[in-house]
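First chain written, first letter: the chains are A, B and C, and each begins at residue 1.
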């Protein structure tokens, strides 16, 4: 904002006066306020759970005790070291810029150097097909052996949390990572897959025309989800990207409310029980997986492997290139003859059917589904997993998802599981600010983001970058 | 189509009776502003037609209308293919216009910066391929064959525009002139009958300009592609174009051979007038023309160029 | 539904619609200046409600307040919730959006950051105040004030509608008549140019969030007077209000008011027609239908020109 309107030419003295800042306007103090605010927030976040009787209980415990004082003192000390300790740490770390770099560089630089060296040394090796196949075989072999090394609890986690979510993330990666479409209703297709299983195995209040074996439900569920994806996508994928997010979210809520309210069909909030497990019952063969998680683990590894191979082929095909083109510049892509809506729809439908497969596996393993298994939260959860791992990078997504799905189970004795989404929300913001490319970034995404930062082009299928560009 | 050199010397290159593109009465309004008014234009098969005019005269709006990015409220735009079949381009989606054989480049180069030069051209070469996602995922032979074909085609075109050594460079890392060439190669990869070049010489140095001139001629003569060219560099226009059409305030004010147009008093007035007006008021030329080149446009499609 | 029952649903519908309109304005304002769906706006609403709960629990009103005390309590609730909403929105912009703008992040990053902020605030509230529903203390006896054709109108309904209308009139004045308002409109139309013309974009965006947050917070308090509070209370009104903003044309303030009213009334009538458990589907259904058939909303988009 202009401060003064004067009809005489300002002298150097008045200009200097205008430019001068008060001592408290120094950015240093802004950082102090920020650090202290963050400390108070952390104190509140790590405080006790609220109580039903007393609204103030949690705040009293976290703000009304010495804890908050320690947090604030710590923050001030940290701030002081950062602002005034410069000569001290620079002697050890060299003249690095950026407040976080001071702490991260001593760790990351050597790691980067080692990995770069290793990459350079193995570059030739990795190009040989047999080496790659051999490496994959070893990884798969280890995954097959994994359940034998773990307790039953962790085997359950491996199937129910890790494998199912990895499968979902592989599917969502196609939609978000490759086609650049934000789908917030991904779990809706998971629900459709799960309810299809319930329906075709005859567990729903409504009987199917003929019962199917759980294995045979997989193609049926894939087809159903594909169709649902096309029906939802066809009219909405013409819309701007952020509208798509809302429409998919609305779609999720509609599916959820149908599952909850269509009592006669879905059995409503009580859920569906007695969904049959995977098994083969032909004549004398009577083979059923029952409640043992291990066979499901193998099945899911198998499905995931097939999908990974298929999707990697897609990424490096004309389809993957078209997705990248649409993500980067939709106008140029369509002027180049790329049917943008068709390719977006393709990504959407492929994602939906993958979600459907995961739904079948989940329903058949759990034998019981209810609307509460398909909350909107879970859709956001998968989005968070994909972003954490690195949108568009299949390996990043798999590793990131596996890690984040495992972590809350591992931490459940120290951190209340209900707080998971609070930390996840914070993680999303921090990731978007400091590492939008994710844990293991995809090469293309990384380039796009660095170009966007320099003011060139976009990195998603949403046309304009948000907000007034800042210089 | 593979690159074949047609013998151009034996017969007249341009047949005025065979119009590859016919534009009649095209009127484009942005809210209250008129971007194009009753524009008529004929592009003969095999010719190079230049569209010139002061800034804001509606040249880019015309290109956007011809390629389906804007939908003009009135008029007809007809494309005739080699067998004589006629297709209306008005209101057709950009990718369908492209499929009918109209390719374009952009004034502000719009490459896929995070992809390599080869991939940029491959994307264009692949738009008419048949292999679907299923056959790609299964790795079927036809998908592999098509991938090799698009590789070959892209290499051929990169060679044609002189970018041989830069296949695996990122598009964003190329020099300005190289990016222009790459954009042209990408447009050529869609096998067009008509190529629309939007200010290809903008920002290039004199050597690159000469190369460009040669390239445009070769596209026209060797590939037999009709070229519609927007250009401000008059030397280039006069040397390369068979005919020139002049736009001002969204209207065609003159049309004819370069020499004729140069002598036309109205054209001289348009250029002088715009320049003088700009000098006198200090206003930008776009304001004088009254038309935003790429403004906020009600007639455009959803999701494209929201600005 | 009998004809004489229409008013029984229309009046609560108007009340609900007024609330949705106030929340929708928050979405529309932010969309105008940032072209961003502020997903976390529903949490601003929730924070408004909880801040009033904290303040009023702390004051601890007697069970039968006198008229004067009631008025003071409501005023305190309005003030606290508005301030808390504004502060939350301000912090939200500073922490979750501004760093991204500095980095020129793609739109997807903004959306994800918004979702992250939304879940963070929601679950932080859930942790701090418990995950069960709560009710605000009784501030006044919800008496009938007057009746329209036999349908009673309560104090609460009157209060909500009056507060909402006052806020909307105030906002309309602010946007159209004040310097800040013209700054907001300028940034909405073209942030880059506005910046070049000396508008402090950061300040305008920040204040836009504060205004939207203020209104959202008050709407949270008013909603809390009507229904129960819970940490997820923001979600349904939030998404309905967003739908309202889209129905009215995102970025269009008067459109958001109209859209809010419309959706409130539709929701109110859908419970007798389709059954109570389906009432929330109506908002989504309207949203999906509007986006499919008229994605620019009823009054059309744009904040700058039509607000």
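In this text, a residue touches a chain if its C-beta (ideal position, glycine included) is under 8 Å from a C-beta of that chain, and two chains touch if they have at least 3 such contacts.
Quick caveat, the model's predicted, so the values are computed rather than measured.
Chemist: Find the two chains joined by the most C-beta pairs in contact, please.
Modeler: A-C
Chemist: Suppose chain centres are the mean of their C-alpha atoms. Which chain sits farthest from subunit B?
Modeler: Chain C.
Chemist: Could you please state the distance in Å, as a whole number, between where the Cα atoms of subunit A are centred and where those of subunit B are centred?
Modeler: Computed from C-alpha means, the inter-chain centre distance equals 41 Å.
Chemist: Averaging over Cα atoms per chain, report the distance between subunit B and subunit C in Å.
Modeler: 48
Chemist: Approximately how many whole Å separate the CA-defined centres of subunit A and subunit C?
Modeler: Inter-chain centre distance comes to 28 Å.
Chemist: Which subunit B residues reach two or more other chains?
Modeler: Where subunit B meets two or more other chains at a single residue, that happens at 302, 306.
Chemist: Hey, what residues on subunit A touch two or more of the other chains?
Modeler: In subunit A, the residues touching two or more other chains are 238-241, 448, 463-464.
Chemist: Residues of subunit C touching 2+ other chains?
Modeler: Within subunit C, residues 35, 295 contact more than one other chain.
Chemist: Along subunit C, where are the residues that touch subunit A in the complex?
Modeler: Answer in residue numbers: 33-37, 53-54, 57-58, 95-97, 99-113, 115-124, 126-132, 134, 187, 191-192, 194-195, 198-203, 205, 235, 239, 242-243, 246, 277-278, 280-281, 284-285, 287-288, 291-292, 295.
Chemist: With touch defined as at the start, can you tell me which subunit B residues reach subunit A in the complex?
Modeler: Touching subunit A: residues 67, 69, 93-95, 98-99, 103-104, 106, 110-115, 119, 122-124, 126-129, 131, 133, 136-139, 143, 146-147, 150, 170, 172, 186-187, 190, 302-307 of subunit B.
Chemist: Quick one: which bits of subunit A touch subunit C in the complex? Just the residue numbers, please.
Modeler: 1-2, 44-45, 47, 49-52, 55-56, 58-59, 176, 180, 182, 184, 235-236, 238-243, 245-247, 249-251, 253-254, 257, 260-261, 376-377, 380, 383-384, 387, 416, 418-422, 424-429, 431-433, 436, 448-449, 452-455, 458-460, 462-471
Chemist: In their shared complex, at which residues does subunit A touch subunit B?
Modeler: 238-241, 310-311, 313-314, 317-319, 321-322, 324-325, 328-340, 346, 350, 444-445, 447-448, 451, 456-457, 463-464
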